[in-house]
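Chains: A, B and C, in written order; residue numbering restarts at 1 for each.
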């Protein structure tokens, strides 16, 4: 930011230039790596080289993008649920949710390393511990964010929660940068290997174990989660608060607790997404929450904000769109593609694919 | 007083702090020295200190509800806040020390507030008092500020560095005032304001470079282009609800940045555009050896060349631009369109029922806000002589928004104070630069909770029956 | 006196999902008359207003307004144009003032379109042209006459949100009147008023009808107001029109009695109480 505003005080123009170049190079590296961790840029690039070399393996190439897109979509979907649930219940965009996901990723990587240091090498056990630790600790963040930044603002003026959320998001991002450092955090691959199909002809379709785990885990979580919302008292309380918070309170629903738990659940799912991203890409940094957050939000809107299956569907679509766009059009503009989809959805179908129509009562 | 409840409450807060701090503060990821990958080092001491700090802080805050605890707590916390910086701990644990100091200061202020406030209740009264303060500041400090700003370059204390800083602050003041039209008056949360700043900067750079137009010819064009972009973006999205609008504008800001980054033939890509023409004073450049046929500023006035002339000129340039923005805003607030903006902010449905076209009204706010950003962008480009997409990231939008929000939405003087506070002061504490955005974020949350309308939120009616009784204005 | 039709509602229907909130309703409101729309809670009264003022787009039905400003088919117009061009002004069941603007500003904003044109779409206004200053003075005079009429002159520079409830209701009516409408739609203006205020309201409404000579559509539960001042009453129940006539006719209509009494028998809660409860829930 504000590049070179002091440079002119110091000396000649060359100094300014030099500083700028330095800053830029640094910055740009940052941009590249965050693109790498949140998107499919690198993979798509590798693959597209392969296609060009290999020639005509169009179908294989397509299949590979499909696999990648679904994996990515599962991750976006998990984050999107957090947006959709919070929106459903208190009607606000939890702008800081992307940061919560980023914190989930950090907690995962830290837990992995700690486990490695104390000698836990049995991978399934390690995975379980990491999953649990990420969910529990990230949940604490989700809970605190709500208690500190949103709870006191219920009934405040319209923009207040949103601004508070933006503040929270800035805070968390810089907090993580401060306590964990600004550099990328790489991790050794934990789960390697996978299936390979359609070998020969120069292009191989890979379905890695980690991709399978991501999709299976997401599916399982989704099913469990839907049951939770539909069958349990908590889910009932949640739906009651969605309909009419005042009335729910009157009939004895603990509204504050329900809202807190909604944030906690959203944070847990985001933590799972964070863990998956850590495993999948092997690098994270404090900046990954921003783009992932916006994309997951787009997914939630596309699917119909407030609708859980919608969030999953939206996530899937956004993952696929991003994968295919990167593969067939341009990697540089993949984020633009997502933003454009967001705008188009909001303009032409603000209720999303599965959302309920929302006529404002006058 | 229920001691157990108090302890339980403080204990819960401490426990949550423990949960938050353990993974993120307790373990730090560091690069393996000399190798690849990362490992962790522990900082359990910091975790413990945080937990203890939160426990006692929370306890103190609860105890403040009891009047007989206020004075002792006030003395204690003030003692800590003032005494701790003197101790040696600062050298070893700077973060923890300062956190303790800040926390104690907050408690001390709160205690003092409660102790010396006879009514003991905060609420309407308090906000009225702050509002009066804001009105007072606005009425009396406004002119003082202007006079001060006018003589600022010639004050003996103003070094070139300070003058540069003044330019920077004024740029943000102008941006803040521009965004204030959109957020403060019209109530449209625009998270992509920096996009218009970028449009202004790039249009100036490109027009001046490719068509050789002067700064003064380009300035209106830059504003127009930015306003045009505002309309293009605004038209489809302004009917969206407030929070959707926020996200869409954020997306738009990012799109502009990504396009500038990748459309190399047009914008120079990540390398940006360098050699942006510098402004001239009535066609006279600030240059020691002006090109053939032109008279340089120093030659015309027959003074020695000094690089500082240009800085002073730039300073007055941005001062004038900012003041124009201010007067324009103040004036338009009293016109029907300005009132319609505020009415829209208050209740869009009621506006529709009164026959106000919401889309057009919002669009004008958006376009005018964008126009000012465009002007500021042109100024930025000519001042830096170099622009690149990196100057126009989301963080920039967030900073401008923070200025508007903290100062008080709709409050012109608040924006000035917030810009000085957020932009000027941190420059003097460079070693704290890493905490700057952290503090911004925390301040945004805090202000929303404590004074959602901003520190100096005060709304002057755009018209008064009392004043208009005689000759209408 | 001959009655001129002002608003003709034809086969108006509005659905929300499976719920038919307004079911094939036709009635006529006449110029310079007060037409009351009554009916138990949830009968669809507010929905009729919302269709009329363009907040909802009714899929079926015709809304023809023939006023001093010409003839308009309201169902085809955008919400704000209905107020701007056709001259339909309304108030809301839950008061919708601009709470942080002053009382006077509320009334000036209502004259937005006139002032906007006078300010040369802002350009002339920026330069403080005389024509604009004059238009603004006229606007203030109109606002002032309403403030005087309602006894709110002393509070003119208060924030509207700080007014007592009853004054807010009256201010909302004045604000609607400041748009110089041909048809004024009032959604439960007497809700929450005490008997004295409600008597004042009756006086105000008859005055609007007789002195300002416009049509008034009135949704109201307070029967003393409805029966006292309306010229013509339309009764809705479960979205259907069940009666349409003079107060005397409606009062003795068996269908109306059944609708009202029947509800009270089945629903142990009286409608006023139910409404209060619901409003609390919303707040």
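Keep in mind that, in the parts below, a residue touches a chain if its C-beta (ideal position, glycine included) is under 8 Å from a C-beta of that chain, and two chains touch if they have at least 3 such contacts.
In this text the structure is predicted, and so the values were computed from the model without any measurement.
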Touching both chain A and chain C, which chains are there? B
Report which interface contains more C-beta contacts, comparing B-C against A-B. A-B
Whole-angstrom distance, CA centroid of chain A to CA centroid of chain C, is 48
Indicate the whole-number Å distance between the mean C-alpha point of chain B and the mean C-alpha point of chain C. 43
Averaging only over C-alpha atoms, locate the centres of chain A and chain B and give their separation in whole Å. 28
Numbers and ranges of chain B residues touching at least 2 other chains: 349
Mind pulling the residue numbers of chain C that touch at least two other chains? 55, 92
Which chain A residues sit where two or more other chains touch them? 360, 362
Can you check the complex and tell me which residues of chain A touch chain B? 1-6, 8-9, 13, 16-17, 20, 23-24, 27-28, 31, 92-93, 103, 106-107, 109-111, 113-114, 117, 133, 136-137, 140-141, 143-144, 148-149, 152-153, 156-164, 166-181, 183, 185-188, 290, 294, 297, 301, 332-333, 335-336, 339-340, 342-343, 346-347, 350, 360, 362
Chain C partner contacts - residues on chain B that touch it in the complex: 328, 331-332, 335-337, 339-340, 342-343, 346-347, 349-358, 364, 459, 461-466, 468, 472-473
Residue set of chain B touching chain A in the complex reads 16, 19-20, 22-25, 27-31, 36-40, 160-161, 164-165, 168, 183, 187, 189, 191, 236-237, 240, 242-244, 246-248, 250-252, 254-255, 258-259, 261-262, 270-272, 274, 311, 349, 384-386, 388, 390-391, 393-396, 398-399, 401-402, 405, 409, 427, 434-435, 437-438, 440-446, 448-449, 452-453
In their shared complex, at which residues does chain C touch chain B? 53-55, 79-85, 89-90, 92, 96-102, 104-105, 108-110, 112-113, 115-116, 119, 121-122, 125-126, 133-134, 136-137, 140, 144, 147, 153, 156-157, 175-176, 179
